[in-house]
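Shared chain: subunit A. Partners: subunit B in the first complex, subunit C in the second.
Let's turn to the complex of A and B:
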């Protein structure tokens, strides 16, 4: 990536634009990613926020943003973004806004909205070629209401609605592929624990036009049941075990931006989280552990062939 | 009617305590309400839950403003205005504090007219959020102090409410609950039920009347940036990260990048500075610092942070 201004860690911002004092949980992996993203996106943004954990960012009369924030129902953030973008375009056309004053329209949603409730509105917005950036903080469940399963919940995880000995029976949807199938301007996965990779991708996304997705894994101490101090470690393990492939789709191609040379066993990631404790206690669920490992191996093997 | 308010931090089990106590009252044939305050409060933040119990139908709703018993699971909350521990506490109300200091100290410090009962700290932990079984101990204490809940009713409630967490956890909680229940037997029945409030005796709060204004004026729009910094989330903290300047190498500001709240800023010389007014004490910085230059110290033993009062 020679074109990036983020060559080394030293190039990362040392001053932060997002305000403190929000009511998000201590150790929130979504907030970790959001503040890294906001540093690079900058304050010339309108954030359209679907209901979710990040609802708590702006509890009246408080906001951590430097620019505008608009709150919508869970499924309708892309529709809200369309309205905002149209309004900005009209103001530009009438000369009431200069090109320098134009703002980025940013949708901010959790996985509940991005993978489920809001998917139809999102697909429609991509279809219309809406010029917006879609940020999803994926904590693999409806975290703000007590971690019920969502379309992003991984196989075998315990959630408030999947408490059996084998956890959630379904499989995590591939939102990256769903977006890429629409042939949008840009799609990328990131995680707050890999800030340099994240910075380069936000830089890419920022400089493109059209529908763009930034999908961030958001390790969640509350919903995944681990100590808040481990947020960054768990995020890094998700990459090192191959659970969370860091990749981007641009110009019709999918490129993996950080391929773990020697993947750690997925157990290293699972056993640190209470939501997977039933795979190890009271006895090891060998079959399920092997199935989870096999799916990860298959993903990376397919990539090489 | 008994009105009991539990105060603790998110993660200490106050919601569970209120459920256990409510179910125990129910097992004794009472009509019961139990609920946590619903809000945005998270791990470490001040939380309260409440229980109403009466022999007749309960028509009161909402938060308890005039409690008969206040239970304080974490003594550091008393000094915090946002926790409102002392709201409505009068000579009739019993205050139970989980503390290492004796009752006369609290009585004097808070100038309380009513009785103070101390639940001594069973064990000392650096991080008070790591103290297990505080919630059940508080439920057991409340059951004993009201004096109308037998151990059998409490034990059954505890088993029912914790059943989903597994047998081992139920057993781990029964012991401490029984010890607290026995320990407070001299104070059995020291909490007296308050009178039932009737509609005719209702005193209207001192409302501030607001004019009905145009939607553009009265709509909840925020016209300033970064107003969230007025919220002092530093109060959530039970552990405080402290940077050892001698060991800090001024790296590529790992701590500042990973801090989820953006509560670590880097000055011109490349040194990080923690904003204690907002740091929630998650300790991601301490876990990530490559030179192990950030130490965690228990908040209750720490001196007041220099910038604890002012926003950055």
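Let's turn to the complex of A and C:
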């Protein structure tokens, strides 16, 4: 990513576009990422939203967005984006909209919509080559309803619907790979705690046409059970332990943009969060901890070979 | 103006074409598919300047339709049956957006059991969605209804989506002579879409469909929606007058056939009402004063027009081509609510269920319904709702059940 205008932290936007005072939780990792993303995307956008935490950003008569917004439903935000984009193209072609008035079509959903209910609409939008940017804030559960497990929940996590001694029995779905299999214009993982990496990827995404996904890990104080002041630290630990690989898919290749040279043990990430407390208390669940660590190691080992 | 032999689906496609639709989000389903195939062909061969996008489902299709309409283009789409139900969440949602577009529904019975042939449970499931509804009985009405629907949908006093309904098979695949007006004449009746305050553009940010917290703002917007839907009746009447001036065909919210001096009246929706018309003619020949009322407009519900038309009648046979299990016919309930408590209008209402899944309603059944209704009026006591079914049909079903039993026994099942 040598062509970037974001060489150092000093190059990041210094004025912020997204308004404050919304109903979102203190320390929301999704909102942290959205602030950083919106600063670069700018206000010439129409944000098409699916049911989730961020639906509460725009509550009548207030909105933190300087651009436009359309709330749809949980399953069909990409289809809403299709209708809006198609209509904007029709208006452009017929001279009823000038190029200066045109907007970037942005879908904004949580993992519940992105990994599950909205996947059919998403796949359809990608296969049609819809020119849109999909922003997913992934807090690894149905956060807005109290953090029940979703297709994005990691193995072993306690959620409101997996409170047993071993937590969630399933494994986190690989949405990055699902998107990449469609051969879209761009896919990237980001986290708000790595703003420079995030900025470069938004810059990449903004300058491309076609279906693009920005998949942001969204550390969630309420759902993951940690203090709101620790959001950035948890985000950094997700990268440093190798839990959340920062990568991008472009031009048919997957490239890791920030490889942790010496990965921290995953325990450093897990033990900071109440949702994994049962792995340590009342006694250590050595087998499960080793399994989680082994899966992370295998991911990175496969990468090197 | 040209006269063509068109199926109901063909007439729907012509209606859309003449309305100058700019966007067609689509998804195939029987018996609607011919509509989108016809329009797709016109687009592919340069006869229609319209953009078509096939979505992954009807749910997505209606989302895209609403999204495009609130961005400011003229949108048309079509579905049937299971598709309408699959889209149901977005019917309510896009109606709440006040997105003006036209959806053709080709009625078909709902699963289970799965079937292809028509009844009205699909369209009536959308009764409370906030879409306006026109119920067509002929192929001509389908074409004309689409033009009227755009006038209603886009009117500043209304701004709501409209469903134009036609019956699967009976209309969708039946060819009738249809007057196809000239494009220039249609353009005078229906000017290009004026999006007014709708649209997303840089420099004029707009937040559409934001959340509300609490019942007060929610109630406000819902009441606004209701009042707009009520406004649509006057807009329909005005549009129908303009339509008659332009094209010489006049429409009323409720079609009345030989009703003026009628003692008994059938009330029905859709194409099966043409069977009732034929029965009315036969009964008239036999000296019975019978008529037919057919609401073309179901939402908004033309309660006043129905009251006027039924004032002083002895008996009314409401024939519902739908069934709300555990209750009965939907139209019967709607009509009863319109007539109840009115000083000048208390005819005996009798409820019949028929025509489910495309089952025929025979002339003899119409005569019997008239007789039952006449008797009820004389006795001052309505019978229980009748489920139309003939003895021969029951025999046939018993035969099939016997075959199924034999098969199960052969396979050693209890």
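Here are a few things to note about the model shown:
The rule we apply is simple: the second predicted complex is superposed on the first by the 305 of 305 C-alpha atoms of A that agree within 3 Å, B and C clash if a C-alpha of one lies under 4 Å from a C-alpha of the other, contacts with A are read in each partner's own complex, and residues count from 1 in each chain.
Throughout what follows, contacts are C-beta pairs under 8 Å (C-beta built on N, C-alpha and C of every residue); 3 or more make two chains touch, one makes a residue touch a chain.
Here the structure is a predicted model, which means the values were calculated and not measured.
Annotation: superposed three-chain arrangement on subunit A; subunit B versus subunit C shows no clash, the two fitting side by side.
Residue contacts after overlaying the shared chain place A:22 against subunit B, while subunit C stays out of touching range. In the superposed model, A:193 makes contact with subunit B only, not with subunit C. Shared-chain residue A:48: touches subunit C; no touch with subunit B. Legend: residue contacts after superposition of the two complexes on their common chain; A:89 is shown touching subunit C, with no touch to subunit B.
Of the two partner chains, subunit C is the only one touched by A:121; subunit B is not.
Once the two complexes are laid over each other on the shared chain, residue contacts for A:228 go to subunit B alone; subunit C is not touched. In the superposition on chain A, A:73 makes contact with subunit C only, while subunit B stays out of contact range.
In the superposed model, A:81 lies in contact with subunit C only, and not with subunit B. Look at A:100: by the touch rule set out above, it reaches subunit C but stays clear of subunit B.
Between subunit B and subunit C in the chain A overlay, the least Cα distance found is 5 Å.
Residues 43, 56, 58-60, 63, 65-67, 69 of subunit A lie at the contact with subunit B in one complex and at the contact with subunit C in the other. Partner subunit C is touched in their complex by these residues of subunit A: 43-44, 46, 48, 55-56, 58-60, 63, 65-73, 75-84, 86-91, 94, 96-97, 100-103, 120-121, 123-124, 128.
Interface residues of subunit A, counted against subunit B in their complex, comprise 8-10, 12, 14-16, 18-29, 31-32, 35-36, 43, 56-67, 69, 163, 192-193, 195, 221-222, 227-233. Interface residues of subunit C, counted against subunit A in their complex, comprise 22-23, 25, 51, 53, 55-57, 59-61, 63-73, 75, 89-90, 93, 199-213, 217.
Those residues of subunit B that touch subunit A in the shared complex are 40-45, 164, 220, 222, 224-233, 236-237, 252-253, 256-263, 265-266, 270, 275, 277-278, 280-284, 286-288, 311-312.
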